[in-house]
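Have a look at the structure below, then the notes.
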């Protein structure tokens, strides 16, 4: 009897030790809370949009929609965090730049084009290049000049939105072409928001890259022990640099979704504070913000959990300018829980409980 | 050491590059002293034109007015920070401008520098924003009346004679003059009328995305509403995006009335297309008012009023013309 | 010898979990005396000093200051300061962005606010009297390292210190700067200050010190007058070998005789790096085991790091099988079949949070390329193979390496490099801090690898280990190669006398 119980407890502690446990537990807590407070939270209805196309709606769909942007960013942010042991706080500003580039390429010099100057694909590629360039700028500061990531990216954080405005000469281009709205909305006939599909594509690509290259191993090795990685033939400077460039790519994708949502841009508020959510997603995924080992799946799940939290707060009419305060509480809980001293205490308590049970 | 220097250079280039491209006008401040040429020398201190479409239009309007052709020698300085603005003002005073045109970032802290201006014989005209200083320190103040803007919109809404008015109220950044003015009128009316209800009142912080999420949340919840009162055009746009997704019709003769502010050109186009119902103006075109005042002062005339409230319109979708869109759209 | 004793430590013991760092150590310091504290790594020097300065609490023993009557209890560095003990550490612990005077008086302005003028005047006076070339108002960072070191000493002196501890103050100074520092020390000595001088540089000991206390393995070896202890004897005492204590090692079979005409696998000429070693020549033949020896800090690790490209190489040539190769980074060395097990296992060797498996495969993986990761099955196969081969004790290949014991971590690193099938394997202190069984395993493995044709460089602080494994030894002193021994010269005696150098 005692033996089986021991096994159970062992199993339980094994689960608890799994990294995915943290975001899953957070998700469950939120879900249960909503279930008790108002089960209609989980209602999904099939409706039609104003253009007559079928769309699913409901809180869960909203979460899927906006969470996907965060999930894409979380991919890049996880790599940056793992490799450099710091975070990029300029992603919001970089999204503004990427979005501005897309509109600029699509519209040319005319801010109200009757038709698009080029295909969206070309504009997107241009945005990718520009965003990766800015990622490279951050990467050089961090990897080569060894500036603290938060400090290094503070430059772009401050300047990015002005650059974005400058790209379009302070004009606010508007795209009337309806197909441009598909990326941030719905593709006619498909009732699930497009950002979700984009996120799925990004996740699949990431999974493939992690499987068929050594990106994961190298990034973690550099993040854990830079000196030792170098002595094993790795180039820590390049790996860190690379992580910022990859984040730049993620930024460009999110930039496309963001400008597609309204077919226009507002430089000062687009993707505002999104960096905090992206960093929070990484943390909620149980990844150490000081770098090293990472779990990509946990980060991505973390992103959706953050959006779950945001949407829940909206549902309960929490003032939207108070949202950061609630998120701050989550951060505090996470940070406290991941502090080594608290962990040691918790595992002690766990052992005691376990011992009692066995006895 | 080498690395540090290189890093510093890299950062510097970036910063210099930025100031050079982002705020081109900021480098115009060193205009030469050509007071002998008969031009009126003005120093204009404004907020960053990137701040909003309103500010962009405002800056453009000023730039178009204060040119050599119109008899002005103008220098511009931009900042969203009060202390930087004050520094710029001091510089203009030293440069010996004739007029200092000021849209202050913050209401406080201007007394001493304006006194300096007075002693140096520099005349001060405030535009767009007021300050907490004795009104003897400036010649005139050209402002929008935000309370009136709100009141006009609410009055228009009342005239629609709906059986029930269920409003989603999307507020701007809390505490700003525009938010207070535009919220105030609606709050009063809702308190006064039995058939006016607020479905939700949330700040979307001038942000379309936040507005979309807030309206989305109300739709998901299933609450009934027939008016969206958004305190700027961006938020109205966000709200409309959420409505479109849920196939809730909006605009002239439809289920939901859309009210926006600021009269962005694209917003007026929406109005013209009947997708929105009302847009309240927040007039950024102050240059002609200022020009008029300067002309009067130069001619030695007295100003009849110190505070000039600009005329501001509200546009109804059913009445708006193409001319209006082109004239008033910013 | 009528000098007054100003410090006496009696029967000091201190244990850490698993280690007895100090066992009944006595130490005595007289006024106006420069007293060297000598010993190899782990001898207990730094523990003794930390007990004296209150960083560690002693387990047993007594400390008397200022004559034998006054036992003092020192629980914190502040306590130590109060009884007149000051310490100047190897790394400057001052604030570089404050002025010299501020650094001298920071944290001890008594009572009311600081009188800047007076402070600067006092500082200048003191600096002048000690002949330190610095101004009170100068920013500390603008002074040379030596002057900063002196300012730290001036600060200590001004705090009425009677006992000054200098913990490796000279390791980052050049010769002239050392001379200046010695001038200051002589000055202080004349004022009656007792100085405890910790250093690895033998020449310096013989230049400035009056007495030497030698520690080894946490025990006191003895206290000697400088004139009674020639260099060779000092080295012998530090290494724990009596001069004639080597007969039993002689005659032991050598795996390979270095004089045999094997092909030279790798040779270096005039190689030096930014780690401060003098240019050196070096070669190794196929199937040979050779070694670098010298006291700690003599530059033996820096030499092999230069060969591997771990430090920035500033000059010299490296040839492999007669062809010139360029090694600017570790990857270049790895591609040329060189493997390097670093001295500092924790900081340079293991990648702590990664699993044993990942730690084993990483070097081979890097060589294989970014786009060719080992499949999970392959990685597991290799990991299991080496875990078995080297008898690595780990719960599984998935266990993070940081939870393994030191010896097993070392075996994992060894496995990592063996998996790359190097032609030339460099082992820098592979046996430090690991249990005796593993030590012997590693030595045996080295001999086996060499017999299979691998060239190995083996570095160890334990000379007998090297005598057992190496057929040729490069001897270093003060970052310079001072000799090369092989064949009959390869004896404990000869090694020690070469290390000691100078006047026998």
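As written, the chain order gives the labels A, B and C, with residue 1 at the start of each chain.
Quick note on the criterion: a contact is a pair of C-beta atoms (placed from the backbone, for glycine too) under 8 Å apart; a residue touches a chain by one contact, two chains touch by 3 or more.
In this text, all values refer to a predicted model and were calculated from it rather than measured experimentally.
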{"item": "Between A-B and A-C, the pair joined by more C-beta contacts", "value": "A-B"}
{"item": "By mean Cα position, the chain sitting nearest the middle", "value": "A"}
{"item": "Where subunit B and subunit C are represented by their mean Cα positions, the distance between them in whole Å", "value": "68"}
{"item": "Centroid distance [mean C-alpha coordinates] between subunit C and subunit A, Å", "value": "46"}
{"item": "Centroid spacing, where centroids are CA-atom means, of subunit A and subunit B in whole angstrom", "value": "33"}
{"item": "Interfacial residue positions of subunit A with respect to subunit B in the complex", "value": "40, 47-52, 55, 57-59, 62, 66, 112, 137, 140-141, 144-147, 155, 159, 161-163, 165-166, 170, 172, 174, 185-186, 258, 261-262, 264, 266-272, 310-311, 314-315, 317, 319-321"}
{"item": "Subunit C-facing residues of subunit A, complex", "value": "211-215, 217-218, 220-221, 224-225, 227-235, 292-293"}
{"item": "Parts of subunit C lying in touch with subunit A, wherever the complex brings them together", "value": "308, 310, 329-331, 334, 340, 342, 347-354, 358, 362-363, 365-367, 370-371, 373, 416"}
{"item": "Touching residues (chain side subunit B, partner subunit A) in the complex", "value": "3-4, 6-7, 10-11, 14-15, 18, 21-23, 48-53, 56, 173-174, 200, 202-210, 212-214, 216-217, 219-222, 234, 237-238, 241, 243-249, 264, 266"}
